[in-house]
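Next up: the structures, one after another.
Below, chain A partners chain B and then partners chain C, in two separate complexes.
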Partner chain A sequence: MSTIAGEALAVAPERVRSGQQKISFSWMVWPAVAFVVLMMVFPLVYAAWISLQDASLGTEPRFVGIENYLNLASDPEFLNAFRVTWVLYGAALALQLALGTWLGIVLNGVRVARHLVRTIAITPFMMPPVVVGMMAIVLLDPSVGIVNWLLGTVGVPPLLWLASPRWVLLSVALVDTWQWAPFVGLIVLGGLQSLPASVFEAAEVDGVIGWRRFVYVTLPLLGPTLLTAAVLRSVDLLRFFDLVFIATRGGPGNASTTMNMYAYQQGFEFSRFGHASAAMLTLSAVVLCTVMVFARLRRAVSY
Partner chain B sequence: MSTMQRAKALGRSARKAGRPRGRAFALPGLVAGSLAGSLAGTLAGLPARAEGFDWKRYDGQTINLVLTNHPWSNAIRDMGQQFTDKTGIKLRIEILNEDPQRARLNTLLQAKSSDIDVFVSLKIREGAVYNKAGWYADVAPMLKDPAQTAPEFRIEDFGAGLIRNETFGGKLTGLPINVEGPLFYWRKDIFAKCNVAVPDSLEDILEAARTIKACDPSINAWAARGVRNAVPYPMAAFVFNSGGGFKSVDGTKPGLCRPESVAGLTLYTDLLKDFGPVGATNHSFPQVVELLGQGKVAMTHESSNEFSNIMKYPGREDDLGVKVLPKGRASGVSQPIGFGWGLSISEYSRRKGPSWTFLQWATSPEVQAVLVDRGVAPSRNSVFTGEGMRAWASQKPVRQQWVDAVSEISRRGTGDYASPTDRVPETREIIGRAAQEVVLGQKTPQQAACDADAALLKLQ
Partner chain C sequence: MTPPAARRILGRLQVAAMLVAVLAPLAWMVLSSFKVSRDVMALPPRLIFTPTLDNYRELFLRTDFLHNTWNSLVVALGATLLGLVLGAPAAFAIAWHRTTWPATLTLFARMAPGTLFLLPWFILFSQVDLVGTYTVLILTHGAITVPVALWTLLPYFDALPRALIESAQMDGCRPHAILGRIALPLVAPGLVVAAILCFVFTWNYFLFALALSGFDTKTAIVASFNFIGEGVTNWGALMAAATMIALPPLVLALLVQRHLVSGLSSGAVKG
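The block that comes next holds the complex of A and B.
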């Protein structure tokens, strides 16, 4: 045995030196590389190129350097969209993490009809956003919505919900939370089930139970899990589009016009492709930076 | 393979490539075909038949249509099989809401894709830009070609203004499929109950709304579109009838800040704010139609197209009245909005022949007569004044009112309600935002209008 193994080891470096192994594996990587270049790098580079041009429908594109980016920085509509995106992001993420954590703990404690309960709980995020948007209209429209009708039956005057510049973002955040808090809940459930039981037993022996156990034991241990959920939701929330597009069209006024909605409008409604590309790349940079911040945080809280 | 067999085979391969059957032969086949035709004619003692129009010329081909969600599109989808039976051309129809449809056109036509053969567009809104981008095929040469155009197709039958809207620099970019514009709808029973006269002037609407609100607080005296880019359509006639406009008096600059225009803006927003439903700034035609249909609204200024949808609600055929928005009392002006959607062939289509056949069928008097039943006002004069239309209208007074009103907007209506620029979609957004700012109490009408003009000026 030892002789054969020794011979094999002696031969292996020779093969590596001759390049046989290297060649046989490297060509297999090319389809993947080609796919990435074709589907990711090329569109990104092309978008970057367009963003440096004055490109509109019906006109010859003209190179303008960073003018589109400078225009964005001085466009009150874009600055408003930037603000709206962050407000909506903050409200929705906080609500979803809080409710999702609670839901995960509740689901973890369910002993009866566990699979059925979990299936029902995850139903909202399996719905297409268009359906959720339509539901939001049917439920929350101040005049024809069911919610105000129900409130009216108990004497509460109609609320404006999606039609109020003041409340529209909270209303949208609530609808999004309804859809996506179960997703966070599912991640938290997975995290809870992977936590070591011994830590909780030790805490119980020390008399740390109930709310204190949650704050001082469960929550810190769930840190990496919650940060993973936050990263996943951040990518979606910063690109917020579908629900707003269906339910409010960015209104009333521009009270719910997110950056993504702004870019869509510039690109597809106003056909200002250069300006829209600059807005989309700015949004992409925002998403990337946010994810990087969370990735660093995750490393910091890993145990 | 004999010469005839080769000619047939060439014809088949040409059809597959989307070229017309009658002209698809390559040179050897063409010679063989001509010889065969001449021979047959000589044998029959007759001269060879000149090539004429044939509805079956493009038998077996398929064309792709990208339409908007509109009563016309839905009716055409239902009638598509009739077209296939008549011509042998199959239709692949995609119906999208207006904005996604525009996004789809942008994506495909900007890439010069031949996937779209026929599409609808609103020439008064996006026509100039689409034409500049080169998306429209010129249909005039096909119209003049007797082999391509049915002898009974008469272009002069279409409303002159509608054809004008379809023409850019002498290029005919499509055919008008309908005529539409906002109309004033009112509930006759509520007016009678509250002892209110039907408004004769624009200013009377506000008075009527006040009386109705006091008389029956359970219903909304008024409803209209409040969503930003949807506002200018129903609001434009308020501005015009108040003596204003969207251009300065010399036509070179935006004109919403003119005192008369501000008066129109004020009236529209006052009605929406003080007498409209809660949350009207998020309302477009679906909500307005729903509220009117359910009997929760006494008056509105909504599209003539929605007539058939409104009439589907129980009781509305009997208790609604409809007419053109009344003229301004102070200004004496009555300028309704009226235009048509246009059906066009993509410049990048490889099936222009079958597409043109479809355009002819879809705008034929026979099809337009059927579409009236679906609430689509015809773009052909002969259909408007035809027996079918008269018989349909005579069944209910409200139908006759609708026919009269639509006829009036097709004669006098204008589709030009933007500031002087090609960037019409952006003007809609800016004007609509001004109205929203007033309704939401963020600005006075004067401030909102003048701020809008400043923004509109930047588009020039």
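The block that comes next holds the complex of A and C.
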């Protein structure tokens, strides 16, 4: 590009001066693109290639086509992981959007120490998930955890939390909500502050206030903002890994083994590389489809 | 209709509820880290206790935690630098030429689960004997920092007046000088936000270091995860480790809190 620019300069300097011959910065993008291609795109393609083979530790890889994918579809463990992922996703997303909307409205009403309150709201999602998992282990311990003790003081019998096959997903969803509802709250706050004040004034003139104003005015206007938050959370929630790996190890049994957890176990604990890669690519497809559905929705509700 | 005074009190109560919900677990973590084992598990909880530094002493003197923290620091700083060096010029070029495909490419690549990259990385880096080195940890965490830096910086470069770049170019300024002497200094606040986000995300990320770090390069997060695995029932020490790991990202995040949320959500808003 620089030689072309040089020739143009030699031939018609006045054109350069008039700004028609634009300077090119294109090459500056190549180092980053090269990195992404080498470190991310190439491994992705490589994983896709592995997923078409019967590749395990210590055996000669053998091309088997889509057999790994077919095996996944009939593997009860994978189907369980699929179910776990969606149950956890549904519970956590619903909790986080609902609580996040509430938090956003509460934050929007803060007049005193506004800066401090927002700063505090940021802390949970800046913490490493490992730390959140460690806190959950200590706080939610069935026998000596303080949460059960606090519930006991108001007469609630002790709960098993992360140790209960039945409630583990809800417990994990609650812990993740502690960490991420404030994030949704701050996005909602941003959305609220970009809404025109005139709409709310008009609603007030018409006597639409309180709960009705929330349902008929605020919530519809927040639609695009909530969808943005939902996309961001969806990508993380469908790939749920850290918290279950730390706090439950996918257990008890396989009650909290998400697809990502399943793929990790297959690949790194059982060394079934082909099988694991197929599971990971299936998960990637799930994430991508979900994001695209939300993107479509967002375009539909944009005003 | 509720009278305004009642509504105000209701509002304050909601703020208080939010603050308690966020801060109580954190306070419990920090308090526990200063308690002897017996006090950590005591029920009803002991709010008044004799604070001790035993847990921290054990953490730093009896385990490799100090070295692990150093490893975390090296990896996080290295990956942050990598992210900025590659991400900043790319963001500038993308903002200037309005060719969005490289940004979209990084975004899509980011959507794949980390486990997907891990397996090929493990196989490929094993062949060149790099598994367990700082190099491999910094490179792999670049998969987080390059997209983060790129997407965080895009809006900042986008906001630069085009005339400024055009006039610099008319004065014979070369592209790299335009970037280095004009564009970068002007987006300095964005660089700070991007650097902090890169650092925090790398510091907090668990999976890559779990699978790719060696005994000497084990990061603080992986080390503290191993404490759980070893069935450490010394909750005081566990909470001391948790407090130490949580501290750097929290301090950094508070410095840029105002720009943080827009930085975090810009990827989705623009995509």
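By definition in this document, the second predicted complex is superposed on the first by the 258 of 303 C-alpha atoms of A that agree within 3 Å, B and C clash if a C-alpha of one lies under 4 Å from a C-alpha of the other, contacts with A are read in each partner's own complex, and residues count from 1 in each chain.
Throughout what follows, a contact is a pair of C-beta atoms (placed from the backbone, for glycine too) under 8 Å apart; a residue touches a chain by one contact, two chains touch by 3 or more.
Quick caveat: nothing in here was measured; it's all calculated off a predicted structure.
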item: Overlay on chain A: chain C relative to chain B, clash or fit; value: clash
item: First (chain B), second (chain C), both or neither touched by A:Trp161; value: first
item: Larger contact residue set on chain A - chain B or chain C; value: C
item: Chain B versus chain C as contact partner of A:Leu288, first or second or both or neither; value: second
item: Partner chain in contact with A:Thr228 - chain B first, chain C second, else both or neither; value: second
item: First, second, both or neither for A:Val208, with chain B first and chain C second; value: neither
item: First, second, both or neither for A:Val64, with chain B first and chain C second; value: neither
item: Touched partner set for A:Val144, first chain B, second chain C, both or neither; value: both
item: Which of chain B and chain C A:Val301 touches, first, second, both or neither; value: neither
item: Chain B versus chain C as contact partner of A:Phe268, first or second or both or neither; value: both
item: Touched partner set for A:Pro43, first chain B, second chain C, both or neither; value: second
item: On chain A, the residue positions that both chain B and chain C contact, one per complex; value: 144, 264, 267-268
item: Chain B residues within the chain A interface of the complex; value: 99, 102-103, 106, 110, 128-134, 220, 226-229, 277-283, 287, 290-291, 296, 422-423, 425-426, 429, 433, 436-437, 440, 442
item: Residues on chain C engaged by chain A in the complex (per definition of touch); value: 1-2, 11, 14-15, 18-19, 21-23, 25-26, 28-29, 32, 40-41, 43-45, 85-87, 89-90, 92-94, 96-97, 99, 102, 105-106, 108-109, 111-121, 123-124, 139-140, 142-143, 146-147, 150, 165-166, 169-170, 175, 178-179, 200, 203-204, 206-207, 211, 221, 224-225, 228, 235, 238-239, 241-242, 245-246, 249-250, 253-254, 257, 260-262, 264-265, 267-269, 271
item: Chain A to chain B touching residues, read off their complex; value: 57-59, 141-144, 148, 158, 160-165, 248-254, 264-265, 267-271
item: In the complex with chain C, residue positions of chain A that touch it; value: 16-17, 19, 23-29, 31-33, 35-36, 39-44, 46-47, 50, 102-103, 106-107, 109-110, 117-124, 126-131, 133-135, 137-139, 144, 146, 149, 178, 182-183, 186-187, 190, 209-210, 228-229, 231-232, 235, 239, 241-242, 245-246, 260, 263-264, 267-268, 273, 276-277, 280-281, 283-284, 287-288, 291, 295
